[in-house]
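Each in structure tokens, the structures are laid out below.
Each of the next two complexes has chain A plus one other chain: chain B in the first, chain C in the second.
So, the complex of A and B:
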């Protein structure tokens, strides 16, 4: 029929596509340009390697199939998958159909999008029926995903989410145009099918139904094209930008780019890659226990993107990393928070010039080359029980150790870094490194998870093996240097945030120890899914009552099966729970359990 | 002259007229628990920084209350934000937040002048 294969209604679509690609190119180039030197070096080093292949594979898995969302929530996963995978297949299969039809791969670029309109139904081409069926099938898949999305907007509980994310005006335009695209396409194709009998199982049936009304065809195709155009134009300013950004994020991450202390182009990529799926809302203890529901990663990221971020939102976060664990895109929102917390440093300041590592350290030992350095950390100094037990354990194992911060301890610097005082944190780190290096030791043992995390991930020039005391005690038991008596006591073990998420996952060592000492009870939330005790130093703005609410939530999990002891391996968690438990099980550090037994 | 180990004291009057109280209300708004401090000194006795040098939140509170912002700025930089004070405070004063906010307010103020 229409052999020119052109109609003015393709113009809005074409215009939208051009604008979209210009926008994407500008954004991508700006982000890459803003990468730091080290980040660019990483990209250069790994761009031609197996990592690139791995990234492509991950893109297929995550951007199209959304495997991670599936794992968390099958219905939500199907919604994302059917929209993303279904739509991209529609484009790909459509392109093949159009190319087969016209006999050339380089046909009009819009032919694939508006194929049914331009198709001459009398023209026979290979696999015609198959193509028609596939296209209808894919359209049905996308429409089913869309239906779920619409339902989710109104009944978010269905997806297991308590609260759908809020939207800005441009989000709304993009959302409405997105919702219109596929129903319009369905109607447009059906109308054509009604006249020309070129539809598949879906479009033909609907077309036959509509045929008696003799509706005009062109206006619907115009509407379809305009919906596409609107979506493409507004998309870069909305959450839908995540569709393309996630691809870039996966590549950069596979090439070894990581968040740094200051804002870089990579931060912007992470921010733009959030799909606002809302998974982070329901895992956040602030939401579930303290009813604070405007500060979770999704809102934090949205507020930054909309340029309305407030100090409270930046600071109201425990940095417990539960949301980072759950995020299907793998956005390190807590690192970004730390970046946004950065406080100005002033020049010529001699931070902590009063500290003298030489005057710090053990008062009781002149030993300069022990095997083990024990660093209790500030918090352990508030829980003498832990320190005493550790000393006894060292003694029982006959360990050659020096208690390196027995007298006048220096903070590890992580609390400062979490609050954005970078220069100050670096000063403390340097002092501690100086202290450790003044000994000639093999292992650095700490009983504070905050210090452990800091030594492991933030200290770059530490030439010593770092162990958390759970790891160390477990090693002693395995080496047969420490005897543990099995008792009939039951334990509920609380995994401290700092050693149970991201790269620090100390799960098995404490469990081995406790199984040797008694019976370990299974919990509803444990390991990477453990709840925060609420006292995290990452959050400075919570009120005492809010902290207590969060603590009680964690304690409910721990006390459910009436254990004899709540066991933890963090002095801060221990103190927190102790304050909360008037009667009921006793709270003990894992080191105290060993000594007790 | 025989020294008896004591001497006439130089007068140490507090000149409230030269003090500047402008930041107090702001701090109270930001950290309401600041008002709850009873000056027991628990925080200072456990303080990590205090083991190494003369530093006391108690004194910082006093300086802040009296509007001595110039001395205070140097003083506040000594805190390591370790959080020990937070755990011992019997009045649940949010000491860390108080110190951070004091630090920012005072730095801002001193820079403007």
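So, the complex of A and C:
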């Protein structure tokens, strides 16, 4: 070993790195081991395919450049990019510099990290000046990002964030050591440069300033190494674990792994991939309208990781998916919430024992084969105006249809699923599948986005095309089977959560219909950015007052330009808005608008 | 600009009773009524509980006993502006007439809850679903019009209590106080008109607080066979023959109930009227529903926080007709005292 390339201060760093990698290996192996059978199959099927290349590309884009955060706010994006991309380049360029210097790629691993200390300034190696400049430049970039991070801690509004996340003690140690690493590196390298004149534009200038004070060099390098060590040791127990986990998450996701009904290793990966950026806090209607600011995805995930998760935090969520839509890492936190809501026993079972199973809707009448099945769902049954209009639409289009739950069929199962009653939901789903398939119909039309989402994403063995009534009505209009009269009325359209986020995005069909029927007003929050009406079946812990606050927030958006009608395509949203209106525009379902014109 | 001792806004039972008392005490009184005729909700009701007094008799008594030479009544007139001018109140009406008065009495009353807001009951969608106000109009004519004709079947009629009252979801937390006994009265009347029928009343709990209410409730069961079912109705849906099927839970039997009816009567609750909401907010004396807030419910219930502005009747809270009359009496005394001090 070249003795000039060793000093005891490298030991904390080396120790930290070893601990870090041991930790990472244990975590990654545990997570992968805990994947479900189907998830492992997915990985096996796609590991050798273009998906892996796509994952690498996405890692570069998201983990290093943080494109999604850039899109949201350029300053916040620059902060993440300069820290992540800057630091990794610092490591890579530093490694090249050290290898070029020593003439071997397999040199002491710490040489790159502490290069300026061990460098003999008299030794000449290729591109020496370029390396020196690059390393200083990268350090400057990282420091600028760090400066922004410090500012963000105290003035989060600068980054477009109204709230910054709160920290745990281990977070704080990791954060402080992270903040110290680069300033210490700057001072350490500058001190060396002051004595040996081997610095770049940044370190040499600072070095020259510090030189007259004759400061000792070694203690600063010790501090630098210890800061690295502390960060590496605490990192796996803090939010910074996301740095490595996100890479694994991107690969697993590209390979087709999805969150399942029960907890798997993939759930742990998603939980650990949360960077606690806090973007979900600002988009959450509970925060913006009802002043509830301890239950958002970031806190939910943090509390699970810290093992202090409470019943209320798990349940106080509208499952509106606005946070999932905004999450730069793409964590399906609402799905994880449903996993944590799972109830092993039906607490209220005794109260329903008297119910006669035979009385819960018909499930066997399938002797004719209509073209269309209409499923109104429980909520449409509470808003009979919608059912009435749908019947008239079917009649006007001359459709061959069966109203499959006319006599109040069983529920689609989604409300139970959202509350964690998986077995009960599955029983209902199986009955429904049996019923729908028995008709041999072509299309299943539902006027409820909750049922639609359920049929579309949770029903696996359904041999029928599922359509939301907006899609179906739009199809009728396009086929010329339904005439819509254009009126001079103005509409504000409310996108229901269940069909405006994640994989179910029904935006154009309702808008086409409304443009045909009148004038559609633009809104400040629409499509994937639409606000929740507040009455979500996903949240059973909100008080009426809180629901009203959330509803009013959504209504403010809708009534801003004084439309003649607030139009929605969800019976639940319709009911909610109707309750909130005294003297204002009327609230109508899109089917009612068609019938009215 | 004409000057009065007192301007009464609202010509229903409270306003007319106060006008009667004050005009007989020789105060120069003006009554402003937004409708074409005076009488307010007395015009919408056939008979009053609990003793089946015709509402028209009450109205007749009031109009006959108002001292004409002291009273001016202006119908089809609503108030658009009210403000203090020196020591007097200046009231501007919808015809841009301006009046001055020493005191103003607000008796703008209530409106019934708009049953269409509870869409699950299908009011305005199914012809079989009507409100208690609609039923009262039928009772006035002496016949019950069932939307679906039949000759061979016993008729079934349901009353649903607390539509828009004690209902957190519709935003009305309060009890409307009149509906429980009113349904009992109407159920008896329906049985008198259609003896060959079954009448069911779905309730949360029955609040028979007034004199003779409990007796009437007992009579409705013993003499008229009215059935009372404890449980809120969750939804109403049409049947193949255009009647309606009602879903509820009988909470005494712990059993779900599904029944078909020829007629469903929604006992709509009481909300502050539009006039009440406008005036209470113009004067900044409104509560969260838009009711007028009196100065002190216990000792100054006819006064408001605005000197010279008085209040009586159902623009303040939910009251029965006799309670409204007595409230107007006490308002007249408060006003007379106020005017005498001037």
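Throughout what follows, the second predicted complex is superposed on the first by the 571 of 597 C-alpha atoms of A that agree within 3 Å, B and C clash if a C-alpha of one lies under 4 Å from a C-alpha of the other, contacts with A are read in each partner's own complex, and residues count from 1 in each chain.
Convention: contacts are C-beta pairs under 8 Å (C-beta built on N, C-alpha and C of every residue); 3 or more make two chains touch, one makes a residue touch a chain.
In this text the structure is predicted, and so the values were computed from the model without any measurement.
Using the contact criterion defined above for the overlaid structures, shared-chain residue A:537 touches chain B, although it does not reach chain C.
In the superposition on chain A, A:483 contacts neither chain B nor chain C.
Look at A:575: by the touch rule set out above, it reaches both chain B and chain C. Contact with chain B, but none with chain C, is seen for A:411 once the two complexes are overlaid on the shared chain. By the touch criterion stated above, A:421 is placed in contact with chain B alone, chain C being left untouched.
Once the two complexes are overlaid on the shared chain, A:382 sits against chain B and chain C alike. For chain A, the partner touching the most residues, choosing from chain B and chain C, is B.
351, 354-355, 359, 381-382, 408, 544, 575 are the residues of chain A that lie in the contact sets of both chain B and chain C, per the superposition on chain A.
Contacts from chain A toward chain B in the complex involve residues 343-344, 346, 349, 351-352, 354-356, 359-360, 378-379, 381-382, 407-411, 413, 415-416, 419, 421, 424, 428, 535, 537, 540-541, 543-544, 572, 575. Residues 33, 46, 48-49, 51-53, 77-78, 80-84, 87-88, 92, 94, 96-97, 100, 103-104, 107 of chain B are the ones touching chain A in the complex. Those residues of chain A lying in contact with chain C across their complex are 351, 354-355, 359, 381-385, 388, 408, 544, 548, 574-575, 578-579. Taken in their complex, chain C has these residues touching chain A: 117, 119-120, 122, 125-126, 168-171, 234-238, 247, 254-256.
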